[in-house]
Amino acid sequence: MRQLFDIALTAMLVENLALVFLLGMCTYLAVSKRVETAIGLGIAVIAVQTLTVPLNNAIDQLLLAPGALGWAGLPELDLSFMRLVTFIGVIAATVQILDVVLDRYAPALQQSLGIYLPLLTVNCAILGGTLFMVQRSYTFTESVAYGLGSGTGWAVAIVLFAALRERTRHCDVPAGLEGLGLAFIIAGLLAFGFAGLAGVAS
Amino acid sequence: MNTGEESAGRTMLVAVGVALFCSAMVTVAVHLLRPVQAAYAAVERNRAIVEAAGLASADASDDTVVSDFLSLDAEVIELGTGAVVEGVDGYSFDHWAAGGDTVPPEVPIYLRHESGRLVRVVLPVDGRGMWSTIHAYLALEADLNTVAAFVVYEHGETPGIGDRIQNPQWLSLWPGKRLRNAGGDLIFDVSDDPSVPAEYRVDTITGATVSSRAVGRLVRAWLGEDGYARALTALARREGMTP
Amino acid sequence: MSLVRYVTEPLVSENPITVQILGLCSALAVSRSMEPALIMAVSVISVLVFSNLMVSLLRHVLPNSIRLILEVTLIASAVIVVDETLKAYAPGISEVLSVFVGLIITNCIILGRAEAFALRHGPLESVADALGNGFGYAIILIGVAAIRELLGAGTLFDHPVLPLVEAGGWFRTNHMMLYAPSAFFLIGFLIWAIRSLLPRQAEVREYPPVRAGYRETSS
């Protein structure tokens, strides 16, 4: 249990996908002008990440990893080169299914998340989470903890960032720095702040 | 963009067509490239061993690496007894191929002799790092108690953080460190604990403490009773030295 | 527009990174030194050319309902080929780039250009557009990497350029440059510079700035 908690907390803070590995930056910079929209996107990321990382973990362990097909009598077969295309397929499918399910059972939530969900297929943080999971060969339960932790970390990062951007909206900055330029510099400062959490690991 | 009629049949047809094209492309590429990758991996492994043995530098040509590797004496030993396993080719024996976290019963070691005398012995070590299994080679001087080199062969530690265990500056701290004290206790470790004398201790890497401690832990585990302890005693006897 | 303009336009005035805000992840994460950045740029350009070409060729047959997933499949297959090639011929770099090669799939430049351009243009224009955007991406990536490597380690392509203090020279390395967040600052300042030179790129202010003098009189 403690180990799972460690994995989730490390994924959330020390190895924050957005601010330490700089993944999902396109959406991070594009959809962070308002805190409200950032919260919506953050929730969508948590949901998709918590679903896709364990799902891809199961598929990897049962089908794709070298020697994974031992149960089917084919221990020699190595399908690991199929990983990328399978993972992105699983992510795209999960996003679409989630969209349909939400539309059917929670239309209000779908209305608020609807526009962000399709964006997540091409969000590197989602695919990145899966790839880190494979690289570190997590077990299934560990991958649930990692998916939840890394998704939450990304959400926290974008909400913090959106709040900072809202604060600077009225600031008098040089014309060329206005908007995107300033956003980059704020993100850099925030990322350095997170880099300071590296010592928490042990 | 397609604006015309979209029948289910045609959609399926296009989907199958694209899928077939992609799988053909990927299969051909993988089929052509896997042998190149395997050959490279083999040479890289030999390079790590040869580097640990102090023969070739990290950027030597592939041919030099292979011929230097073959100039070493490779033998497979049984960890439980420390005896040499006869009839197994040490140059190609791969105890890491199976994977898994358990210590395998038989392990290849590489001896470097110069004019009949043992100069260095290279021992493969592995274990869990912060995230991944770290594979490395530890080379010992002929006294079998002094570190000659430590070479990390492969690892999957966090890029930019844990991968500093491959930093040449840190690895250059290893040579000359001693493993066991006069009483024969294994006190070598990777730590910042000042109570361990400096000649038995490698400092951890700032910012990569977990990964570097893990390296210390796996080296200690492999040198202990479950690891090479018996094999090293047997080796010293075989080479006619008093350990 | 002539083919040449499709190539030159995205280099500065329509740059995918600084203007379209696409493909940032890798630009920030693999820009620590020149060699991986160069390999990354070449990989992205090859995948981009392939995907733009394929999508353009298939633009009349791709069914709308599954268009996106087919595009992603094409891109993912190209990335697998690139990944396996790197593992075979540049394994050291492949290890440095680790998961970022796979993440080319989600590099928004690639899907972005397929959707925004290749679906509406012929193969020749699409390849030109892919090359232009690829080079635009490469300029920023390699430029940032050059600054980071030079200031962070005093080297370019691992060759010593600035004499280090440790080796008796005068240059003290700036460790901040070795950390990923420094790329944010560099790109931020770069955008500032570009927008100051080309003012039409600047964003329209949402609110008039609050001047200090105004604050005094209103309180």
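Letters A, B and C name the chains as they come in the text, with residue numbers starting at 1 for each one.
Just so we're on the same page, a residue touches a chain if its C-beta (ideal position, glycine included) is under 8 Å from a C-beta of that chain, and two chains touch if they have at least 3 such contacts.
In this text the structure is predicted, and so the values were computed from the model without any measurement.
Taking B-C and A-B together, the pair of chains sharing more C-beta contacts is B-C. Among the other chains, B has the CA centre that is most remote from the centre of subunit C. With each centre defined as the average position of its C-alpha atoms, the distance from subunit A to subunit C rounds to 20 Å. Centroids built from CA atoms put subunit C at 35 Å from subunit B. As a whole-number value, the distance joining the C-alpha centres of subunit A and subunit B reads 32 Å. The set of subunit C residues that touch two or more partner chains comprises 73, 76-77, 80, 84, 98, 179-180. Within subunit B, the positions touching two or more other chains are listed as 22, 26, 30.
Residues of subunit A found to touch two or more other chains are 81-82, 85, 135.
Those residues of subunit B that touch subunit C in the complex are listed here as 1-2, 6, 10-11, 14-15, 18-19, 22-23, 25-26, 29-30, 33-34, 36-37, 40-41, 44, 159-160.
Residues of subunit B that touch subunit A in their complex: 22, 26, 30, 99, 130-132, 156, 158, 161, 207, 209-210, 213. Against subunit A, in their complex, subunit C makes its touches with residues 18, 21-25, 28-29, 68-69, 72-73, 76-77, 79-80, 83-84, 98-99, 102-103, 105-108, 111, 179-185, 187-189, 191-196, 199, 202-203, 205-207, 209-211. Subunit A meets subunit C in the complex at residues 19-26, 29-30, 81-85, 88-89, 92, 121-124, 126-128, 131-132, 135, 169-185, 187-189, 191-192, 195.
Partner subunit B is touched in their complex by these residues of subunit C: 32, 58-67, 70, 73-74, 76-78, 80-81, 84-85, 87-89, 91, 96, 98, 119-120, 179-180.
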